[in-house]
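Two complexes, one shared chain (chain A), two partners (chain B, chain C).
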Partner chain A sequence: MATIVCEALTKRYGAVTALDALDLTIAHGEFMVLLGPSGCGKTTTLNLIAGLEEASEGRLLFDGRDVTWLPPHRREVAMVFQSYALYPNKTVFENIAFPLRLRRTPRAGIERAVRAAAEQLEIAHLLDRRPHQLSGGQRQRVALGRAIVRNPAAFLMDEPLSNLDAALRLSMRSLIKRLHHQLRATFVYVTHDQAEAMTLADRIAVMRGGLIQQLDTPEGIYERPANLFVAGFLGSPPINLIEGRIEDGAFRRAELRLPAPRAEPGREVVLGLRPEDVEAPAPHLVPLAGRVELVSPLGSDTYAEVSGPAGTSLTLRVPKGWRVREGEGIEVGVDPARLHLFDRATERRIA
Partner chain B sequence: MLRLGYDERAAALLVFPVVAVLLVVAAFPILYSFWISLHDVVLTRPLRRPFVGLDNYLRVFADERFWIAVARTTVYTVVTVAATTVLAVLVALLLNEAFPGQRLLNALLLLPWATPSVVNGLMWKWIYDPSYGLLNGLLVQLGVLERYRAWLGDPDLTLLLIANAAVWKQMPLAALLLIVTMKAIPEDLYRAAKVDGAGTFRRFLHVTLPALRPGLMLVLVYETMISIRHFDLFLIMTQGGPGDASFTLSWFIYVETFRSLRFGTGAALSYILAMATFLLSYLFIRFLGRRL
Partner chain C sequence: MSGAEDRRAPPPGRAAARRPVAPRLGRGLLLAAFSLLFVLYVAGPVAWLVSSSLQTEAQATAVPPNWLPPEPTLANFEAIFRAGERVVTYETRRQGDPATGGFLPTGAQNLLPSLRNSLVVGLWVAALNLLLSLTAAYAIAVIDFRGRRATLYTVLATRVIPDIALVVPLFLVIRALGLINSLAALVVTYLAVTVPFTIFILISYFEGIPRDLYRAARVDGCGHWGALRQVYLPLSLPALVAALTFAFLTSWNEFVFALVLTQNVEAQTLPIVISGFVMDFTTSFSFVNAAGVIAIVPPVLLAVLFQRYIVSGLTAGAVKG
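Up next, the complex of A and B:
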């Protein structure tokens, strides 16, 4: 188990900077998710921690020990890949045993460790099979087994669930979370899937362009996105963003007016309203009216695309129990405290 | 009467020319040579060709030269196939890495393969030449040799030197086949093996080699078939000599058929060689292929 510290970690490929002076401390036993679109530097970060790529600049510390230039096998980390990366010619048993064999673990120890890992992952009955005889979910369990047997300092996971179908992804997600609870090891988990990030993480680092945009708990990132990018990246359906100005302690855009008492007047801003932050109208709420253009029922919730005031187009969650029809008017209530304001120029959150 | 639809009739019509040509140039010679192998056909007595059953085959098996030819062919084939395969693996490993000039090397690799067999034979004959050969010149100037040697005149070396010329020409295709197989190995396997703690050699042993198996089998079968029947280099470089040092089966067939004009035994020999090739390929596929 280890505390992982990245100090000004930088990776360049020729003229391209994939990772720009990353500072990140991952606590012992923490589940850290690196979240972002492709090319944001999250996988590069993971590869640097694993030692599969060399840093251009900066330092990497495991429990205070400088490992920046150590080869992968001397870092005591285990890695799980999106493609599973199982050795196709080896049986499940041999796949899981492989890292132990390379460490010259005694035969009895290997047998015990492999069996224990297989039991834990419920693949004990598959030990004689070869990878091509397994389903995707079973393969990923074998890959997890190969990681577990080593009792590594940290688990590194590179989009481990992205090749699985939706139903399996959910069950594997809980399996990984349970593993983390049982093993109490440091997990670094790369994904572009916000639902995975929200459900698994102790903390999420949202990345873009080789930089961390925000580092916070899942709730923190959802409730207080640090900038427009983070606000737009998390949330499904995505947050509604409306450009406007602060005048007289309110957000203004043509006839649309929403209270924003703490923002300084005259500022050009972007207002963020999450679809799920609307309710039935009530005295303490600000009314918001529009016409329903499209209704999307999801079973648990219904979302409506609404042409709102001042030429805006909004996606709103229809309050429970309401029946809405396309072409009809709708009026909901908005809690001003749940509105997000961002500076239009810097894209940063306005406190 | 077989009833054919329009599509079938059109297909039959379109396929007919190919089938006809194949019948004339492939099926007929194969069957006709088998017929010859069962008759005592000697070209110096063209009108007398009595049926002798398997006598030609028995005569061949009783012939001391046949067993010499089998031994020479075996040595040549084993050396050529082994050297081609090992070299091809090494070259493929090298060219599978990214380094400056790698594309150029890739293109150069194909030159020997593109060289016609006869040109290749002549080239190596010159290189081995006893009076003005490159090999002699090089070794003497380097001080390795005192004086020029007749390389191909050394019965202990002849087969190996011819094998060397064959490997030079055959290795590129084998390497290319293996490079293609290597390119299909997922990069993640190497990354996983690195994290698991495997060094360069272990990664080759546990990731590259198992994945290369289909390619290796293709190379083994193909190179064996090519080598066991090889003829061009023997004709150009040594004509079976010195003595019987390079007296291989294919050369025996040529001598028996076109120099002694005994077509009957020549055809029998050809059938034996063809069956041996067939059997070997079958065994390779049967025993190596099963473990894929």
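Up next, the complex of A and C:
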């Protein structure tokens, strides 16, 4: 178990900068999720932490010890891959035992540790099989077993659930969360799936283009996105973004007018409204009216695509208990405090 | 669709009604004919080699030829294995009559030593080739070091030059090293021929092994040697067997370098000695063919021994699937 500190960690491939002076401190026992689209540098970060790639610049510290130039097999980290990466020529038992054998653990100790890990992951009955005889979910359990069987400084997970089908992904997600609670170890988890990030993380680092866009708790990132990219990346369905400008303490776009008292006048801005931040109209709320174009019931919720004022097209969650029909009008209430404002030029949050 | 079924040709009158049968029959026959032709083409010379080695010289050179030995005889093989016992004097130098098969070419006693030389050289080449190529291919395929591409292209460029152009320079180098007429000279030379090609084969095979397996092995605690031994070796068995076979056969069949670099029975290999039989004043074809049969035994054994290893699909189940 370890505190992992990245200091100005940089990785360049020729002219391409995959990771640009990353500063990141992952606390002991923390579950850190690196979230971003492909090519954002999240996997590169993981590879650098594992030692599978060499940093172009910067330092990496485990518990204060400089490990920047330490080869992967001496860093004591465990890794789980999207492709499972089980050794196809070894049985499940041997796959899990492999890290222990390399550490010259006594035979009895290996037997005990492998059995314990297998019991914990409910794969004890599969120990004699080979990887190709297993299903995807079983394979990923074996890969987890191979990681937890020793006592690594950190668990590194590279999109471990991306190859599994939706139902399995949910159960494996809670399995990983349970493992984190039981092991109290440092987890670094790479994903492009916002739901995984939100459910698993203590803190999320949203990345793009080799830079961290925002580092915060899941709630923080969702409630106060630092810029337009983060706002657009998290949330499903995605946040509604409306361009306009600030006039007389309000956001204005043609006839659309929403209060924004703290923003400086004359500024070109983008307003963000999450689909779920609308309610039934009430005195303390600002009314918002439009015409329902499309209704998408999901069972738990119903979303409507609404053509709103000033030529906007909005996705809104229909308040509980409402019945809406396509082609009919709709009026909802918006809490001004839940609106997000971004500067149109810098794309940064302003309120 | 079996061949027997195809041969049930329909009566002429009904051929039109069952149209698909005729083309199918034609195709089957054509396939069978060409397969047969191909087998004859490939196996014919070998069959004749074996058949004539079991005949006397008179039978082997008869017109029309005896496709099968009329009275199979092991006299040629006996002559080969007894050649060493014979004392050649001025009087006995013409012993034996080519027509009866008892004829022994000069140098016949060199056949068995050269067989041994060929085996020794071939095994060394196969083993060292694998050792050198394996490590080189791993480094080039897996480790991202500066100059990796340049290394690969340099290795491949050496194979663009025809061997014959290398004969004289190699001769000079080997002579300078004082290795002329030694097995070591052949081993070194053959490695120069086989290693670049083997590196190339192994690199493309290694690159087919999922990179995540390498990452997993390194993180699990393997150094580069460990990753090579624990992941790449077991998963590339078919390629290793192919490399081993390739190196042995190249060495076994090589002629030009051996001709230039060796001078006598100390180091001459089988192809050199056998070719010497044909250049003699009198050629005993049955004897030469018997020598030929002996020459193809080791490669055939090798093929039979290793054929079951040349199976792919070993990586099935390594990654998603």
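Some observations on this one:
Note that the second predicted complex is superposed on the first by the 350 of 351 C-alpha atoms of A that agree within 3 Å, B and C clash if a C-alpha of one lies under 4 Å from a C-alpha of the other, contacts with A are read in each partner's own complex, and residues count from 1 in each chain.
Going forward, a contact is a pair of C-beta atoms (placed from the backbone, for glycine too) under 8 Å apart; a residue touches a chain by one contact, two chains touch by 3 or more.
Note that the coordinates shown come from a computational prediction; the quantities given were computed from them, not determined experimentally.
When both complexes are superposed on chain A, chain B and chain C occupy overlapping space and clash. Comparing chain C and chain B on the residues of chain A they touch gives the larger count to C. Touch criterion met: A:89 reaches chain B and chain C at once. When the two structures are aligned on the shared chain, A:103 is found in touch with chain B and with chain C. When the two structures are aligned on the shared chain, A:275 is found in touch with neither chain B nor chain C. When the shared chain is aligned, no partner comes close enough to touch A:137: not chain B, not chain C. When the shared chain is aligned, no partner comes close enough to touch A:225: not chain B, not chain C. Of the two partner chains placed by superposition, only chain C is touched by A:163; chain B is not. Once both structures are placed on chain A, chain A residues 50-52, 71-73, 77-79, 81-83, 85, 87-89, 98-99, 102-103, 146, 156 are touched by chain B and, in the other complex, by chain C. Those residues of chain B lying in contact with chain A across their complex are 186, 188-189, 191-199, 202, 206-207, 210-211, 213. Interface residues of chain C, counted against chain A in their complex, comprise 144, 210, 212-213, 215-223, 226, 230-231, 234-235, 314-321. In the complex of the two chains, the chain A residues touching chain B come out as 50-52, 71-73, 77-79, 81-83, 85, 87-90, 98-99, 102-103, 146, 150, 156. Chain A contributes residues 47, 50-53, 71-73, 75, 77-79, 81-89, 98-99, 102-103, 130-134, 136, 146, 156, 163 to its touches with chain C in the complex.
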